[in-house]
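Next up, some structures in structure tokens.
After this come two complexes, each holding chain A, first together with chain B and then together with chain C.
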Partner chain A sequence: MSLLEETNTAGGTPVVTPAPGPAVPDVISGRTPLSRGRLIWRRLSGASRFWVGAIAIAAILLWAILGPLLYPYNATGRDPLNMGLGPTQLHWFGTNNIGQDLYAQTLVGLQKSIVIGLIAGPLGTLIAAVVGSVAGYMGGVVDRVLVWCINLLLVLPSFILLVILSPLFRGLSWVFLTIFIAGFSWMIMAQVVRSQTRSLRDRDFVKAARYMGVPIPTILGRHIIPNVASLLIIDATLGVVASILAETGLSYFGFGIRAPDVSLGTLLAEGTSAAVTRPWLFVFPAGVLILTLFAVSLIGDALRDAVDPTSGVNRD
Partner chain B sequence: MAFYIFRRFVNYFILSAIATCLAYVVASLALDPASKYYGRNPQPSRQTITNILNGLGVNPDVPVLERLWNWIVNLVVHGSLGNTVGGTSVVDQIVSRSGVSLRLLLIGSVIGAVVGVTLGVWGAVRQYKFSDQVVTYGSYLIFATPTFVIGVLLMIGATALNGAAGMQLINFTGEYSAGLSGSWWDLTADRAVHLLLPTLALVLIGAAGYSRYQRSVMLDVLSADYIRTARAKGRSRNQALVRHGVRVALIPMSTFFAYSFGTLVSGSIMLEIVFSFHGMGEFTLNAITQSDINAVAGSTLFLAVLVLFSSTLSEVLYAALDPRVRN
Partner chain C sequence: MTNLVSVPDPSAPTRAGDPLLEVTDLSVTFPQRGGPDVNAVRGISYRVHKGEFLGIVGESGSGKSVSSLALMGLLPSSARVTGSIRFGGRSLLDLNDRQLSGIRGREISMIFQDPLSALTPVYTVGDQIAEALLLHDFALGKRAAQARAVELLKVVGIPAPERRAKAFPHEFSGGMRQRAMIAMAIANDPQLIIADEPTTALDVTIQAQILEVLEKAKDLTGAAVVLITHDLGVVAGHADRIAVMYAGKLVENGTTTEVFAEPHMPYTIGLLRSVPNMQSAGTERLVPLEGRPPSLTALPRGCPFAARCPIAIDVCRETEPGLLVHGVAVPNELALQLPGPARVDPALAGPTLADLLEVEHVAACHRSDEIASGLLTRADVFPRPAPLAVRHSEALAAAEPVLSVTGLVRHFPLTKGGVFSRQIGTVRAVDGVSFSIQAGQTLGLVGESGCGKSTTILEILEMTRPQAGRILIDGKDVAGLGRAELLRLRKDVQIVFQDPMAALDPRLPIGDIIGEPLTVHGVKPDARRGRVAELLDLVGLDPQMADRYPHEFSGGQRQRIGIARALATNPRLVVLDEPVSALDVSIQAGVINLLEDLKEKLNLSYLFVAHDLAIVRQIADTVAVMYLGRIVEYGPVAEVFARPRHPYTQALISAAPIPDPVIERSRKRVLLEGDLPSPTEQIDGCNFRSRCPLYTLLADSDQALCATVDPVLRAHGQVETACHHVERNDLAISASLAGREDELAP
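Moving on, here comes the complex of A and B:
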């Protein structure tokens, strides 16, 4: 979901307004006031959604890493005696029509999709942080040019842009696909960071740094970015979801990951033709994908609440 | 207000025009239209290939800006977008295919917006109630599901339903049943049934996004003083909610409509292919696989025009709802 609604938050001061939810222990007890980090962690650890998401994602990560080691079949080998079978004790997710084991393939695809998401999501956030803070802090011509570029990139859906650009990374490794996905996912967050930066620019601590002659990159890195860090963390988390969705979408229609590489998108593409007759070829990879993304978005949502309980967003 | 909308329209017009030109340049640089002929066996002579490429206006030896200029002149003077590699006119293709895409996109996004806004308001009013939780987690589940998976899962569901009913209740392959003849009413009904599942998928995607956003805006509005004022001066709860709450909460939504339009467009492109509709989505993706620069440029232009209209529409909506921009 968009983060547009975050524009009124994440100032330098800790937000101490109690959240209305009954599950959130927000009373500040003790003599020393809580730091912002501690406060957020308190709210976060009180949210059951966060724990459900975190435990699920930890389990999925462990499964993706260790699963192939504990399983006798690999993703490319064929079992000629069991072709096109449904789930059995031998082949947990069944086999495809040339006898490849779907469980092993799903795990390999899951690894690839997770790696792409974990790189592309934070990378997109990094671009957003740099562009947004530079545009907001510098103002003037730089700001206008950057905002104009952002608007230009937002005209066409990024899926279409990636499809048009796909011949450029067709022959290259998946790393380039990852970079391209990140390169088209930062625009809206950059706008949010820009508007935050514009209000931070006139704060006293930023002014003080400016008048002391601190160079601009240092001001951005030391004063601006840390003040929007919570927004960036949320965006990076939800960016993982968006990147995996972009990757599977592109791969599904043949513009992303290609053979011999396997991702959840290519697996789903292969499984679609048999989705009605042999549903396990489609349903298992799809289920694993949905479960992963659902878990990550639960964490992202809990983070958003913890950072900003005053906005009406998702405070359940 | 007219001036405000006109200014925004000009702004979007320039952006869309530049985006289309950039897409033309990028497509020209990324795609290699000659490779298709070199791969053919027996290979056509170099002269033949050059002639074909020149005829299409996509010869890579001509500087890309010159080709772009010719493309624009051709568009403005003759209203032509060139030919596809298959030899048909791009404009003809767009005209015959756009109906399919627009029908899906328009019906899907309008119903999606209405359902989403309604669910959002409902969720905000009934915050933390069971129904609110169901809608919340339901929309997270939809966010976590790729569009094409929603489409295929609906197909699996429809097949199961057809099997259980023992007859073809829901047809979902293609845009209409091949070879069906009958009255206008029969044909329309057949198309409507075929449109059901892709539209449902698009509505789910749209409603998930809109309901989250509408709910959060509505929650902010509900705690505002003017709602209490409206109640205090004797408005009924529903009147206060609708006349003072929903109307104000729709103002930021109108901007969100424009933002989310891209998601819906890419969603409907994916769904067209999943449900084998011969629309603009299929045209666009085929154009890329066939290295067809003219077709890519044409479909980009089509999308840019769509985006131009939706952005302007959201500005009109914004101006209509927010009296501050009207004067």
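Moving on, here comes the complex of A and C:
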């Protein structure tokens, strides 16, 4: 339509439509492409595993925090009338042979295990991030010394070391146990971060920062760590699982949490001897432990698939 | 060899008879889970005749590679392919994978862009070519296949083919791998060779060699060639016909001469005008073709090019034009009286459309008639930007140089062994390089990849004491500077990288990226924000975009962001490391113009590293040609390009393609033999001797001089050249011209 009008009015002389378009440089047209964060969130929210895990872990956390407040018995008090009793309306998970309420004990143990896991997992990741990125970025002597340390810690059997050292922190609180667990869980991740850093170091944006004179700690914090952040988040999540397992394992063998403190590990240790005769002493703490680990693992797994589409189920 | 000789069909392509390949209304769609489909190819039709050379040209994402993969049946199974592909009387889309395997490699063969990933690293090159032969010819013995493989390697110009057949792909250079790929492609005498950007990953000198080999292979086998490329210069000299693709559609199709001489589609016009031309570069400004192709998931209504088209009118935004003939023969008034839908509906034109493609020059544009009849000239469609008002560089040229490098050396030790490593050689990456840049001037540093350009600029930017030689920035020697002084000096020297995606941290919004250099110098956040807005405005981006992330921008915009970052500290010298070679041709012109503007506005000096000579000619004042860690020619750009004195410079200039078929076909060419030698080799005398076209023509006594005495840079007029026989340099040109005529004679 307008083609006709325009040419007719021009009457055969060369027509030049004023060019408004290209004077303005190309503006992003259409939908803005998804940012990486939003893309990960979309993949994550599409995975049912993630929602199952997230809802389960939220419920467990709420339960561990609020549960003891809504329950008449505490973990240390004894009920002399009901010793070694199975689950009843009065004592939901039953009592042990000295009359302590198992439901209250399980909740307190769960609290402790989760707190240790939530601190030790991310702490290990933090150490891994710092050591790995420094070693990878600096290279040379620093790299060699740090890698030597990593390898040394890897070949030392951490469990036996903990067993040997356990008399040393007999009198110390669970905080030291947490630090110890974190101190032995960062090496593999540090290796991964180091190799990632080595490839990032040669990327142009890192070079650009170096040529601008940006100091090394700032480069690490601004460019290197954020670019391996997805890996670190996954590692921290799965590190929670590993740390809870390490804690319960140590406590089970009597090297971790000690009486009067309770954790899921100590409860399991007490319960195993009676697993056949009085199964509730064993089944309930074990069930809670498995449920917690399963929930966190589901989240960690879904997170890894969302961040790295080439891993696992998404590969096609 | 029998096969190769038995099919001598070097006759000119005829477009009579049945076409070899007939693609009709081919569409390829990739369904996306939970999103709109990607319409990669939307109804393209073309024909290829026996012995014809078709060039398919388009920007990245125009669907040119997808359409050729559809021919080969190599698309992922999720792709939906409709339309028809007829090859030698068979419909390829109806064949199953097994039947297609019988055709692939024997009747249609393909050459890929990246020759390293296309060859298996664990088998020798000879074995791989023999495998290609044995797959389709069961009667052939292993011995015979090996012998054929050696012959094929010889045909594609690989020296010492017997020895090379036993080598593994990693022992080959990029150019040699691509030759081996061509050998494999012609092994079974195919009727059609599809080459998908075969030279994009290669240097210009190697590119020229590969195109010659491809042409030779075509002549030997009589096969038709479909060459897919984004570079108009590559097709200009070789293709018979050109098809231009845009947003999954063919927008123009015609013979090479027609398309280059009289393009009818504004997109083609824009492409042609945006390419810097070696002939005219430096004298006038480039014509930018701004914007980027539309997303293939959300195509706008109407013509997909409308948003970037300077002559778009209302109808362009309403209906998408079909491919039609737009000749001067059709009177303008008559054409306009035709009912609208009939002119644009390809379904109505259906049976005749394919016939049109047969002979005619067709274009898909509502205003093509006006363009064809001369009502709209090329300059009307894409006007050339006004030249820069001021050129004050001469006034300042007398000032002291911003950067001065003397005798810079960077050798890397080559070690062997793990624990007790010992040095077994030296990589002479940079071997005594000297140059200087005056304020407001641009030095172009040119050479093939591996010649030491990048190492040179990294040495300058590291600002540490060089192994030998001196680096002076603003007259200060970087070797003796303290921390604080170095930091101050870093303000004056900034860099723009080649790959705009890799150069920007994907995790930071662009405001933070551009402001990063300022944080180093303690600029307050408020002042930083103001400066970032100012810089964004300076490079032609909207300051509102400061909080967006790099991936939301197109390649050209990202490069502008990189430039903005480099300018943040008001530097005096900007090092540009191949700043446009990762960009589409259409975008390059805009960035180059911006760089020229900024240079004038801010009185910047550039150290411009590139392998594209046309762009160097466009932007540089002085040029330095590097070969194996040395500068072999150094002088004012106009003088060097007009009268190259060093044989290497001559070869570089003649290898650069010119996007004009008339010039391209009649040019004098100096083709280089072989590849860049390894910088570990210790070569006595002139290190260019092994590839020098002049050297082979010299008398023995003159050759002896080249073989024993290392030439140093000597002044010849305004230009310094490192060659013993500068006065003989026209010998090589005339000799290569004679050689070309000999080739063409029979």
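Throughout what follows, the second predicted complex is superposed on the first by the 281 of 316 C-alpha atoms of A that agree within 3 Å, B and C clash if a C-alpha of one lies under 4 Å from a C-alpha of the other, contacts with A are read in each partner's own complex, and residues count from 1 in each chain.
The rule is short, and it goes like this: a contact is a pair of C-beta atoms (placed from the backbone, for glycine too) under 8 Å apart; a residue touches a chain by one contact, two chains touch by 3 or more.
Owing to the predicted nature of the structure, the values given are computational and were not obtained by experimental measurement.
Asks: Identify the partner contact of A:Y252: answer first if only chain B is touched, second if only chain C is, both if each is, neither if none is.
Replies: Touch partner of A:Y252: chain B, not chain C.
Asks: Of the partners chain B and chain C, which touch A:N151 in the superposed model: first, second, both, neither?
Replies: A:N151 contacts chain B only, not chain C.
Asks: Where does A:K207 make contact in the superposed view: on chain B (first), on chain C (second), on both, or on neither?
Replies: After superposition on chain A, A:K207 lies in contact with chain C alone.
Asks: Applying the document's definition of touch, where does A:N227 land relative to chain B and chain C: first, second, both, or neither?
Replies: Second partner only, chain C.
Asks: Check the residue A:P80 against both partner chains and state whether it touches chain B (first), chain C (second), both, or neither.
Replies: neither
Asks: Which partner does A:P260 contact after superposing on A: first (chain B), second (chain C), both, neither?
Replies: Neither chain B nor chain C is touched by A:P260.
Asks: Using the superposition on chain A described above, determine whether A:A286 touches chain B (first), chain C (second), both, or neither.
Replies: A:A286: touches chain B, not chain C.
Asks: Name the residues of chain A shared by its contacts with chain B and its contacts with chain C.
Replies: Looking at chain A, the two contact sets intersect at 1-2, 4, 21.
Asks: State the interface residues of chain A toward chain C in the complex, per the touch definition above.
Replies: Interface residues on chain A, with respect to chain C: 1-4, 6-7, 12, 14-17, 19, 21-22, 24-33, 35-36, 46, 203-205, 207-209, 211-215, 218, 222-223, 226-227, 229.
Asks: Which residues, counting only chain C, touch chain A once they are in their complex?
Replies: 34, 288-292, 294-295, 298, 307-315, 332, 336, 340, 366-367, 370, 375-377, 380, 383, 461-462, 486-487, 490, 493-495, 497-499, 502-508, 513, 516-517, 519-520, 540-542, 548-549, 551-554, 556-557, 560, 565, 569, 590
Asks: Which of the residues in chain B end up touching chain A in this complex?
Replies: Residues in contact with chain A: 15-16, 18-19, 22-23, 26-27, 30-32, 124, 127-128, 132-133, 136, 140-141, 143-149, 152-153, 155-156, 159, 209, 212-213, 215-220, 222-223, 252, 255-256, 259-260, 262-263, 265-266, 269-270, 273-274, 284-285, 288-289, 291, 296, 300, 303-304, 307.
Asks: Touching residues of chain A toward chain B in the complex: what are they?
Replies: For chain A paired with chain B, touching residues are 1-2, 4-5, 21, 151-152, 154-161, 163-168, 188, 241, 245, 248-249, 252-255, 265, 268, 272, 275-276, 279, 282-283, 286, 289-290, 292-294, 296-298, 301, 311-316.
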